[in-house]
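Following: one structure in structure tokens, then a few remarks.
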Amino acid sequence: MIKVLFFASLREQLEREAVEVDATGLTDITQLRNRLAEQGAVWQSALGNDQLQVALNQQLSSMDAIIRDGDEVAFFPPVTGG
Amino acid sequence: MIKVLFFASLREQLEREAVEVDATGLTDITQLRNRLAEQGAVWQSALGNDQLQVALNQQLSSMDAIIRDGDEVAFFPPVTGG
Amino acid sequence: MPLEISISVQAEGFDPGAEYQLLRSENSADGATAMFVGNVRDFSPGATGDHQSVAVLELEHYPGMAESALTDIARQAAARWPLGRVRIIHRYGPLAAGEEIVFVGTTSAHRQAALDACAFIMDFLKSRAPFWKKEIATGAEEGSWVEARSSDADALKKW
Amino acid sequence: MPLEISISVQAEGFDPGAEYQLLRSENSADGATAMFVGNVRDFSPGATGDHQSVAVLELEHYPGMAESALTDIARQAAARWPLGRVRIIHRYGPLAAGEEIVFVGTTSAHRQAALDACAFIMDFLKSRAPFWKKEIATGAEEGSWVEARSSDADALKKW
């Protein structure tokens, strides 16, 4: 399984902090994102944002990063700390 | 009279903090510097340093600044505060 | 002095004066200390130019990643400048107007190293550390997420 | 908030934590505070590369001009960046290793303004404010005047 986390406005839009996704057939983060987006219009909209950021195992990453069973992937809007 | 001040290594070399100089015949700071330098080898050496800085009435100035009776002129080495 | 990096991601407040004392403690080899503190402003520039009073700022973070992102940024700074100590504190949770949000402190034998490293860390923290701000105006129930500014992304280009 | 500039040239020590509190007091419009503190180092890089322990630093200044030079520098910074408060403290007289020499604090609504102004003030202070340092090594009777560094003059060129 892949643990998927959502933060900030994304967490609010999706009304959840995390989901578990079966890693079978998923090679990279784009495929994971596409599979999640298939779950409905809210998912499509939230994950379709071209500002969407992603972290793989708590490191900022790109959408073409390879994922494996057991990975932690987080989607979030651009950060605004400091 | 022109009040002339010396700071730091210049003050130590000249063994004084200040002198009063008659303004008669002095137009700019270079002339003041030359008149002081005539007082001996120590003066020549201290005021001949090409790193010498000058302030006119407590503002950093250049050697060609015009001076008048009542002005305060200070000579010192490059500053090293902070 | 060997490099010392200290990172805290915390809900509690902090005291910049006490942080200064820690940066200086047994560190007389470093003559330069630079610090930046970010506080909750009580006015937020609205998109339409109007100003709204901010009663509470809610700071969300990504636990675990927040600490490692800040540590990475501190290490990058230490690789570029000769630093003695680097201290970063970032708070999360609800914060009232005027409260401290972030502290960055750097020490070095050279003032420009300390100042540049402090500015570098703030610039990277703004664009790379997983924190998100939500402003809740006085009297409002719902807050609004602060939009990332392109000037913050642009700020990285100078490094 | 109207600009507030506060300059002190003093023999007494100061407390950076208390200075931070003064910069922040009734100033929640400014979310950014940048500070720099310069301390007496206990080692000074000698001209020949050797290191000598500095027991006392003697700071000479030009009374009157020191205050006006620092005020000018603060005003120049405020003309370039949108600053709320500027605080500069510079000490004179004998200072022991580890003691604070100089404090520069700036506040702004913008972090880069606060940080740039703080660095700008330090750069100009180093080359334009009438202070001179003499280092007196442990056990020595005579001190030696610190030489101005060309890197400090060069630092002004970037502004």
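Note that the chains take the letters A, B, C and D in the order they are written out, and that residue 1 is the start of every chain.
Just so we're on the same page, a residue touches a chain if its C-beta (ideal position, glycine included) is under 8 Å from a C-beta of that chain, and two chains touch if they have at least 3 such contacts.
This is a predicted model, so every value here is computed, not measured.
> Count the smallest number of chain-to-chain hops linking chain B with chain D, moving only between touching chains.
Counted as steps through touching chains, the separation is 1.
> If you average the Cα atoms of chain C and of chain D to get two centres, how far apart are those centres in Å?
Here chain C and chain D have centroids separated by 23 Å.
> In angstrom, rounded to a whole number, how far apart do the mean CA points of chain A and chain B lie?
71
> So, what's the distance in Å between the C-alpha centres of chain D and chain A?
That gives a centre separation of 48 Å.
> Quick one: which residues in chain A touch 2 or more of the other chains?
82, in rising order.
> Residue numbers in chain D touching 2 or more other chains?
Residue numbers touching two or more other chains: 38, 111, 122, 126.
> For this entry, which pairs of chains touch?
Result of the pairwise touch check is A-C, B-D, C-D.
> Show which residues of chain B lie in contact with chain D when the two form their complex.
5, 7-9, 11, 51, 55, 58-60, 74, 76-82
> List the residues on chain D that touch chain C in their complex, please.
Touch list, chain D to chain C: 15-18, 20-21, 24, 28-43, 97-98, 109, 111-112, 114-116, 118-119, 122, 126, 155.
> Give the list of chain D residues in touch with chain B in this complex.
That would be residues 38, 59-62, 64-65, 68-69, 90, 101-102, 122, 125-134, 145-148 of chain D.
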